[in-house]
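Two complexes are shown next, each including chain A; its partner changes from chain B in the first to chain C in the second.
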Partner chain A sequence: MRLYRLVLAGFGLAFWLPAMAAVLNVQVLDDHGKPIGDAVVSMVASAATAGDPPALPVAQTKIIDQRRETFLPYVEIFRPGDRVVFRNSDTTRHHVYSFSPTRSFEMVVRPGRSTAPLLLDRAGIVAVGCNIHDHMRNWLFVSSAPWLAITDAAGQVRFDAMPVGKYTVTVWHPQLSPRQPPVERQLDVPADRADMKLPVTLSLLPDPRMPMDHNRMQY
Partner chain B sequence: MRLTSILLLLAAAPACAKAQNLQWHGYLDYRLVAGSSAPNWTDGGLGKLRWDGHGVSARFGGAALLATAQLSPELLGVASAQFQTSDRRGIDLTEAWLRYRPVSTTPWRWSLRGGLFFPAVSLENDGIGWTSPYTLTPSAINSWVGEELRSTGAEFRLERRGRSMSVEAAVTAFVGNDPAGEQLAARGWSLSDLVYGLGSSMREPDLAARDGPPPRRYDAFVETDHRIGWQGELTVRADDVSRLTLLHYDNRADPTTSTMFEGQRIFSWHTRFWSLGERTRMGDWVLIGQAIRGSTAIVPSPFFHTETGFWSAFAMVAREQGRWRPALRLEMFGTRQRPDSLAERANEHGRALTAALNWQPRSWLRVTGELIALDSSRTERRHLGLAESSFDLQAQLGARLVF
Partner chain C sequence: MGFRVRLVAFLVAILVIVQGLTWLLVFEVTRHESIKVGERQLASAAEVFVNQLDDISLRIANSVQVLALDYALRESIAEHDRATVLSALRNHGRRVGAARMLLMDLDGHISADTGSADPDGRPTGNHALFPFPELLNGVLEHPVAAVVAMDGHAYWMVVVTVNAPQPLALIAAGIPIDDHLLANMQRLSTLPKNIELIASTDRGPWKVVARGDRHVPLSAPLLRDGKALPAAPVLVKVGGREYVALARPFGRSPGNVAMAVVIGYSLDEALGPFRSVTATWLLLVLLGLAVGAVGAWLIARGVARPLEELADTAARIASGDYTPPPPRRRHDELARLADAFTRMLGAIREREERIRFQAEHDAITGTPNRVAAEAIVQRDLATTARHSGALLMIGLARLPDIVKTMGHTISDHLMHDASVQLQTLAPGQLVACATDSQLLLWLPGAGRSEAITLAFRVRDALGRPWREAELSIDAAPAIGIALHPQHGADASALLQHAEVALFAALGHEDPVSFYEPATDPHRPARLALMGELRQALDGDQLSIAYQPRLDIAMDRIEGVEGLVRWNHPLHGPMGPDEFVPLAEKTGNIRHLTRWVLASGIAQLRQWMDEGRELRLALNLSARDLDDADLPRRVAALLGAHGVPARRLVLEVTESAVMAEPDAALKVLQRLAAQDIDIAIDDFGVGQSSLAYLRRLPVRELKIDKSFVARLGEDREDQAIVRAIVDLGHRLGFRVVAEGVENSTALDCLRDMGCDFAQGFFIARPLEAAALRDFLDPP
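Then we have the complex of A and B:
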């Protein structure tokens, strides 16, 4: 009877170990060690994982605000099938547009109004501007990667319940030079780790957004 | 009365700014000035700085009002006027233009602009009424643009926008601006934020008043020969961070023609120049470099012609984020009159160092301390019994209310 229990426990452990889920904290910093917000961290399994990837959430509609001639947030993440609405909280008209191959569009947004939801049906990066105020910039990151998150002001994202396995982690930010190769890291989530940290350092170009400044004309 | 009107307009502007698609911007500028500099052109002299004389004094720096009207998503109207008491007292129009720029969902975009506008020379002066956000006093190059250059015409611009690089080309056809260049020949370069507009006139050094008693004044923006001038511009932007602009300007003035202004003959100066500028951002800092080289010529009679070659270059580093924004600029300039056989040629060369510190405690308030050290040599100073070389210092502490 004792032997039977031991064998049963052994089988149970064998099944339980690969299914153990780890917590992954990604910390994105710049060359000077300062945290980088608005960095998109996406992960795909590069080999068989012991568990299922998280199910894609149901389609959502997210709002991009325009306030003081600035898009807020600067970067937003979407899943294919999500929709975006542009809201104008300024007292002046905006003309939101994109010529990105992923999704091209143009919409005039009157003060205090919002656009109709715009379907983002394909994965890719959509650069958004305002044809009236050229200094306004916004990025829509559309991805079907199972693990997808955006760093907060502390430069951090957290992924819970990461199944044991090997992953390719990609970090993107609009101020990475387009001439640089993608920032990728290979990650191994072993069975005996419950808490993992992945530091990533990015070299960013200066922020192209110019805050509203009464001393300059931005037309 | 005019001062009262503009102050009323400035006071009413914030309320008007709430109106949809019509926005008002402006500034009101007062300064404390200290220095030791020679009498400048506003007093008929050959000094190169805006404020001449010695000691400390309070000065009115100027006021400007700018309206932008987004008439449709594609059509933008911009007009700006300024009030000045230096060299003249009055209101003049510095810019008035309409731009049609349809949205494009391809990398290509075009626009058409018509009206009165500054040639796209400056990588430094992008403030209201040709002001610089970095210093009170612009470089010699952009001081001259504010004084003498204004295009009344049409500009066609074509852009090809890319993720890492964008290219745009523009060509402008314009009328007016035939006397532009006269001041470079008569006075040479200056370092001054005294901008002139339509409806104003500019005094020349009294030495230039050869066919009448001084003061000799002229309007740089008139058409005298009915020939169309042009300018072409090529700009390359890399990574949304740096910008390189090459520009050629030619007013195509007929140098044999002239017009009368306040009883004095004003010639058409055939002025041409090349300008190359680079602007690069490094974090919160910006590096700007610009060089210009050209000539201006008149042929007042079949027996006499003269041409003044001119050049200038500057490099500036400035911080453009945060409450404290220092700026440092080093520049050189020169002119050379030809032909060499002329008995009294007006040649000059000089260099200047400008250091400024801006403090912006509020979005509507900018306090700037600025020091200019200028070392110049001009042959004509001998005619006034002065040494050719002059060293001028000017310190300013300015408070500018902006909205």
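Then we have the complex of A and C:
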């Protein structure tokens, strides 16, 4: 419903300020030209923009499901003040933990149960693992950036009604090497452009989530 | 070295050489094969080792990885709990066998070091940064393991990420590569016992970092020549033992250390089974040697023994024993040799018998020859100890003439027939052939009478004229007989004496003659005398006896005949008949004659001085008539003594003259020319040749005493003597009768008109002094 209103508001803005807004398509690809999903694209205006940034939505509670020893989704974006619930849809226990300075916790989730909502009050990246299943990884991206989205399976993110102005675009992915500096792009949205494309290429480390290969595993 | 020893030595040597060469061949092949096997094993062992090392490395990495997942460790790292982190690192390090554990951030900044001198594990000095940054490049993607050198030691350095769950830090575990690690690996697998790990840091020289439990410095000979490791297996010698060694590099990247494993394959161990086989082999060879030697010895003996027997047989044959060797049950070459030997033996025996027969038998008559006969007779005498026996020697006097006129064929026939006849006459007795013309007959046990009986029968049988192709041949047999034991103790003496008797018989009318020791001129005793005669001539053992000679008509002693005598110190007085014939044969007669002449002429001188008118007759031998010097010598003697030649009469026998008639005639003529009277002695019994007599310068004839002895009774003798006297007178000779022993004979002689008489009836031979007494009776 809130999204719907937001969309409506966007339409309204577009209607009202047709020359002052643009659509931004961010395409995230890897070294081999393959689309990268689960990449978090965040944008902040580096200077004054022609329009106001979109208002932050009200605090929400998002569910991270644990199904077939996998956190779903892999990456989830949060706004400070949001809450997260870990739900166990497996028949095994999961020992969810995080040593992240942003939010450290440790909880055992019995099968079919969910944790109590956990408040994410600070912006930051929370790496979540399961102490029982090493391959289970989950990332909670807590950010207050006005523009914040996760690429889809096609590696694409679309931002509508981008006001004319200059932006700093940051692309993050869990498999980026921790030794590399953050991937940032300076973006200039001119007034005469209604449709913009931002291709971003990332070098990723291998996916640490081990796919469940029951043919190879004897246990 | 005998045949056996040589054969055995040969076989043993062959066996030893062949076995030795075979052993050498097998050893070389085995060794070669062992080297190849070793090379193959080394190659695979090297692969296995490297794979194993990779496995170990992976296992260690996994172990370290698991450590890194430890929740408490991660928690303490996240919470920067240094003490806990350090102790956990130590704890986990022990679990994986790491000597050193490091905790560092993702960029390699060390935050905790279990090997640090700092009690809190903080890195000291320049150890704040991980020294092998190249190892960290891919560590976020996967664990990294590499061989590194640290503080002079080699380590497996394993670096893993600590995920919480995002990469939070790095843990490095350093596992020392040392003898202990190798020992562990060797315990877990079938790695070669001889193994070494060598390392080269930053392309520096290779150093040994670990050795297997054998601690064989295999790499030393490999690295001696330089840095480069041989790519292929090489043969090295370490501590007197041989190894095939292979160096296999591994673990080059991404560490700073090149490593290689050197593994050795001990040839000595590989040949170990062969060595034990060698011992067995040696035993077998020795056994084979013993069996071979014994076998060879036996075979050699089998060959050598018959050969030795043959040699013994040959030695026996050489000594005259022809017994054939015992037959052997064999069918090989030796048997053929033995057969040939036996056949040869038979042939030799046969030939020898033939040769012996020929040697012992006369070819013509087929009877034993003289040598064989002597042996047979001697054996007969020795074995049967006979007390008597007679040996007859039959001579065929005409045989030489028959050979000359009619050839050997006839004479051989004659001899053969004669021997056959002898065998007929004396069946079973020994008949032998002594010479070409003499046969022997041995009558064992026979005495004088049997011998003479048989002798006459033989003479009659052989005396019959032998007819051959219109010829009538008289063989003129003569027989000499020697009796055992009186004529000879042994066969040799019997043969000799029978022959002497035969010679005597040949000269007589009566062709059968017994041996007469007294007249045997060949008696050994007489030979001895001859030596002594020379001494007698020099000394005064000889003397002359003078036998007076009666002038029958005047009835007075007209002269004397000088007869030499030998007063032998042992045998006593000996007459001339006893030693003159021997002196003639031994060449002493001339000395004797000179002595006699000298003595006689000296005596004549003495008689002249005494006023006696005696003539002296001296005997000359046939040998003297050969002496051309004799007349001069006589003349010299006569001259020296001043004796007229007519006082000397020199007597010669008819046979002496007839021996060398021409020479004798010359000597006699020269003597006669000196006015010396020459007389023919023993006239009537010799080969009187009136033709010669006529030519001889003879002045006297001396009638042989055999005609005179029985002159009184025997009318035939009377007729002969009368004829000789008449003949002598008619030829102008004076006639002397010898051997007058009685008055009847003397009367007859006187009646016949014989000139002189000589004999015992008139006087015996007298010494010079006795003659003086005889002539001048007191």
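By our rule, the second predicted complex is superposed on the first by the 193 of 219 C-alpha atoms of A that agree within 3 Å, B and C clash if a C-alpha of one lies under 4 Å from a C-alpha of the other, contacts with A are read in each partner's own complex, and residues count from 1 in each chain.
Operating definition for what follows: contacts are C-beta pairs under 8 Å (C-beta built on N, C-alpha and C of every residue); 3 or more make two chains touch, one makes a residue touch a chain.
Given the structure is predicted, the values throughout are model-derived calculations rather than measurements.
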Partner chain(s) touched by A:181 [first = chain B, second = chain C, both, neither]: neither
First, second, both or neither for A:33, with chain B first and chain C second: neither
In the superposition, chain B vs chain C on chain A residues touched: B
Partner chain(s) touched by A:99 [first = chain B, second = chain C, both, neither]: both
Partner chain(s) touched by A:128 [first = chain B, second = chain C, both, neither]: second
Partner chain(s) touched by A:205 [first = chain B, second = chain C, both, neither]: both
First (chain B), second (chain C), both or neither touched by A:111: first
Touching partner for A:91 - first (chain B), second (chain C), both, neither: first
Common interface positions of chain A, toward chain B and toward chain C: 97, 99, 104, 127, 131, 137, 177-179, 205-206, 208
Of chain C, residues touching chain A in the complex: 69, 71, 74-75, 78-79, 106-107, 140-142, 163-168
Chain A - residues contacting chain B, complex: 91-93, 95, 97-99, 104-106, 108, 110-111, 127, 131-132, 137, 177-179, 205-206, 208, 210-219
Chain A residues touching chain C - in the complex, by the definition given at the top: 97, 99, 104, 127-129, 131, 134, 136-137, 174, 177-179, 205-206, 208
Of all residues in chain B, those that touch chain A in their complex: 17-21, 23, 25, 27, 66, 68, 70, 73-74, 76, 78, 99, 101, 103-107, 126-128, 131, 133, 161, 163-164, 239-241, 281-284, 320-321, 360, 363-364, 366, 400, 402-403
